[in-house]
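Okay, handing you the structure first.
Chain nomenclature is as follows: A, B and C, assigned in order of appearance, with residue numbering initiated at 1 for each chain independently.
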Amino acid sequence: MNSIYQYFRAIWYGFSSLWKGMMLTGHYLVHPKKILTQQYPENRDTLYIPERFQGEVVLPHDENNEHLCTGCTICEMNCPNGSIKIITRSVETPEGKKKKELDEWVYHLGLCTFCGQCIDACPQNAIKMDNSFEHSVYDRKLLTKVLNQPGSKLKSAKK
Amino acid sequence: MQLSISLLEITRAIDSWLNSVFHPHLAYGIELVLAGVAVILLVVAMAILMVYAERKLAGFMQLRLGPMRVGKWGTMQAVADVMKLLLKECLTPTNSDKLMFRVAPFVVTIVSFMTLVPIAFAKGIQLWDINIGVFYITAVSSLSVIGILMAGWSSNNKYSLLGAMRSGAQIVSYELSGGLALIVVVMMSGTLSISGIVQAQADGWWIIKGHIPVIIAFVTFVITSTAELNRAPFDLAEAESELTAGYHTEYSGMQFAMFFLSEYTNMFVLSMVAATVFLGGWMPFHIAGLDGLNHFMDYIPGIVWFFGKTFFILFLIVWFRWTFPRLRIDQLLKLEWKYLLPVSIINVLFAAFIALMGWYL
Amino acid sequence: METNDIKHDEFVINVGPQHPSTHGVLRLELWLDGEEIIDSKPHLGYIHRGIEKMSEALGYKQFIYLTSRMDYLSAHINNQACSLAIEKGLQIEAPARAQVIRVLMAELTRLASHQLWWGALGLDLGAVSPFFYAFREREMILEIFEETCGSRLTMNYITPGGVVNDLHPDFVRKVKVLIEQLKGNLHEYYQLLTGNVIFQARTRGVGILSAEDAVSLGCTGPVARASGVKCDVRKLHPYDGYDKVEFKEVLNDKGDNFARYWLRIEEMKQSIYIIEQLIDNIPEGSYREKLKGIVKLPAGEYYQRVETARGELGVYLVSDGKKEPYRVRFRTPNFSNLNALRPMMKGAKIGDMVSMMATLDLIIPDIDR
């Protein structure tokens, strides 16, 4: 008798658990407001990208086209896989001394792992991570960027 | 003034026009071709609609939107899929049994189209009102096992063979319970022909008239239909996450499209059978005594009722697929032989008793 | 067993490197007799990237980013292990605020990892819908990470000395919203999978791993705890303030698939409990102890063990005084957990193989490094 009771109990348990599962998916079927996905390229205006998102390294310039990078190459030494190449040149100061300054800040976006070690290591806080994320290009050469804008120079220290 | 359109009048009008223009035998031949083409077109259109509907329903159940890009709200998605499958190359593996490999998809598709013959879409709209309608459908649909085993064997692939074997065992076992579920209604109606069963539901659908045994038979029939169609939760034969795609692993392009089409056609046919046998076919919903309601229900044409009920059962089958995990093969067979079959047999005895006593609602 | 000594009725199937349910690139050779599995042999190395060798050429602060990619679902915890090992070498301790932030991040990572495991388990067993429900809360956790740490999967946030940035001002509020939503949605996990009769039939009594087998194979984490072995590193060798929080070490003694499943769901609840205790009591203060530009560890060997979402991760650093480590060796939990497949699979069916691999929760890049 007990086995017959167990038999019917198993059938009842099976149906009730399946019914509960179906009720859950049915609930989400009739509540389309709870849909999570977004239609990406059409919703660019309302996208929220946090400002700390590590998108790419940029060298911020202020309104006089000046930046803070002195060409010390500490970021290049700290980068784990060689995505940064700092090219410096020697210039003569008005006092006649030879000084090193930044010529080109070459950034290989294709190699970068977005680890942030360069930002962490820079003693002048010259670079930061921008939160842009649409980096796809059709030509690989566009992935090697020069970060300092033409004609920019180092911001002179306030005395 | 009769507001509802009767398809029967339209077909009779076409028939009399054809007979007046052509020789009677030629008119008969043209009618045969027209009817066959109409049904096939209908089913193919329904398959395409079902593909889109399933993907959209699946999307909504899973908190996402489903296809949205191809056409407005993704309506052209199925058309795009058909074009893609048409343009793909139909590969045949080198060491496969070439004749069987190429014939297998056709076998499966032809069998699923053959089951469309006795189905009554509306009053009088039936390809062939054979007097063994229900028996014909169950007999012909079991031929699809041959096509599946041919596909699995001729692929010369261990995975396909395993999948085909499992699928064959599954389909053959579940036909038993499905047949017994149909027998319940056949006993109560007293006839095997489809039009006879629909006529017997003129004063109420069987699921309401024959109460407990028919409800049990209905539930059993829906479960066995999902098993016969190799759909989840019984889709071990084509389980993508276990053995790639089972018996149709090696097929690509249009051959794969034929398996796909035949699966949707079968789904459609079995839903139509369930709608006819249990839910009243094209009979409107009548409640004895409420004449106003009955009169209003009569205005809705029979074909709309029929398709409404079919879509309801299709919706149930789609709902099952996206909610439940898969059963293992031995659990599948255990479900059938230990649970569904004994319950179906006892149900048949119970239904016979009720039919004898005439204890309908 | 080699392919040459195959008997008459058996055949060998290759569950190849590309397979939807091996959770990575793992090649399994299975000897089958009809539907039953007689033996199995895993082949590894498809995603070996040489992390340990690469670390010998990078500085102590630089090689940490590679470890995020080992067990990418517990990225914070991997970074925490390396940072603690380096701090052991330098004999410094992170400030109290940094320790609490590290614990919070680790528990959030554990939650996210278990949720993805739950979704992938449903997917392997044939239920497609749980995958999407699991990602609903995981998405919230990843957005919290994105706001504070800057990335969603491979955050390099935990560093020797503390953490890189302070918490975002919105962190506490968002975590509280997440906890409320997660607690409210836990019943859905029950409705959809746990209570489902089909799921229970597929996981109960299948894939039993005894406690002796678990200990002798070196399994740790939920796999061993489901067989009754007490091995939670957070309780046995507490680090980073885990001895100050209250939580239960969840144990089960059945050792089958369902036990492992149930244990991870319970661990999710314990993680929520830990987060609730800490979220309102984050101490003020500095979040980072700045290290010198080039870190040099004194010569010697340093070992640190942590509890990732999958088991015990051990970081073994050998230093000879230079600015690069001499040898870095990772004792990964998945390498030992993979060995548990062989005794579990004898006599099981193919359908069980999938559910066993799903409940073992393997991440193959962690095995190959």
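Rule of thumb we're sticking to: a residue touches a chain if its C-beta (ideal position, glycine included) is under 8 Å from a C-beta of that chain, and two chains touch if they have at least 3 such contacts.
The structure presented is a predicted model; accordingly, all values stated were derived computationally and were not measured.
Novice: Viewed as a graph of touching chains, is the assembly arranged as a line, ring, star, complete set, or other?
Specialist: If you draw each chain as a dot and join those that touch, every dot ends up joined to every other.
Novice: Measuring from the mean of all protein Cα atoms shown, which chain centre lies nearest?
Specialist: The most central chain here turns out to be C.
Novice: For the pairs A-B and A-C, output the one whose chains share more C-beta pairs in contact.
Specialist: Comparing A-B with A-C, the pair joined by more C-beta contacts is A-C.
Novice: Any idea how many Å lie between the Cα centroids of chain B and chain C?
Specialist: Whole-Å distance between the two chain centres: 46.
Novice: Quick one: report the Å distance separating chain A from chain B, using the average Cα coordinate of each chain.
Specialist: 51
Novice: What is the distance, in whole Å, between the centres of chain A and chain C, each centre taken as the mean of its C-alpha atoms?
Specialist: Roughly 24 Å separates the two chain centres.
Novice: Listing for chain A: what residues touch at least two other chains?
Specialist: 18, 21, 24-25, 36
Novice: Quick check: what residues of chain C touch more than one other chain, meaning two or more?
Specialist: 129, 132, 136, 192, 196, 198
Novice: Residues touching two or more other chains, restricted to chain B: which are they?
Specialist: 61-64, 322-324
Novice: Which of the residues in chain C come into contact with chain B in the complex?
Specialist: 11, 13, 20-21, 35, 122-129, 131-133, 136, 192-193, 196, 198-199, 201-202, 349-352, 354
Novice: Could you please specify the touching residues of chain B with respect to chain A in the complex?
Specialist: Residue positions touching the partner: 57, 60-65, 68, 319-320, 322-324, 339, 343.
Novice: Inside the complex, what are the residues of chain B that reach chain C?
Specialist: Residues in contact with chain C: 58, 61-64, 158-159, 162, 232-233, 235-236, 239-243, 322-331.
Novice: Note which residues of chain C are touching chain A in the complex, please.
Specialist: 58-59, 61-63, 65-66, 129, 132, 135-136, 139, 143, 146-151, 154, 156, 159, 164-165, 168, 188, 191-192, 195-198, 293
Novice: Would you mind writing out the residues of chain A in touch with chain C in their complex?
Specialist: For this pair, the touching residues of chain A are 13-14, 17-18, 20-21, 23-25, 36, 50, 52-54, 74, 78, 80, 113-117, 120-121, 129.
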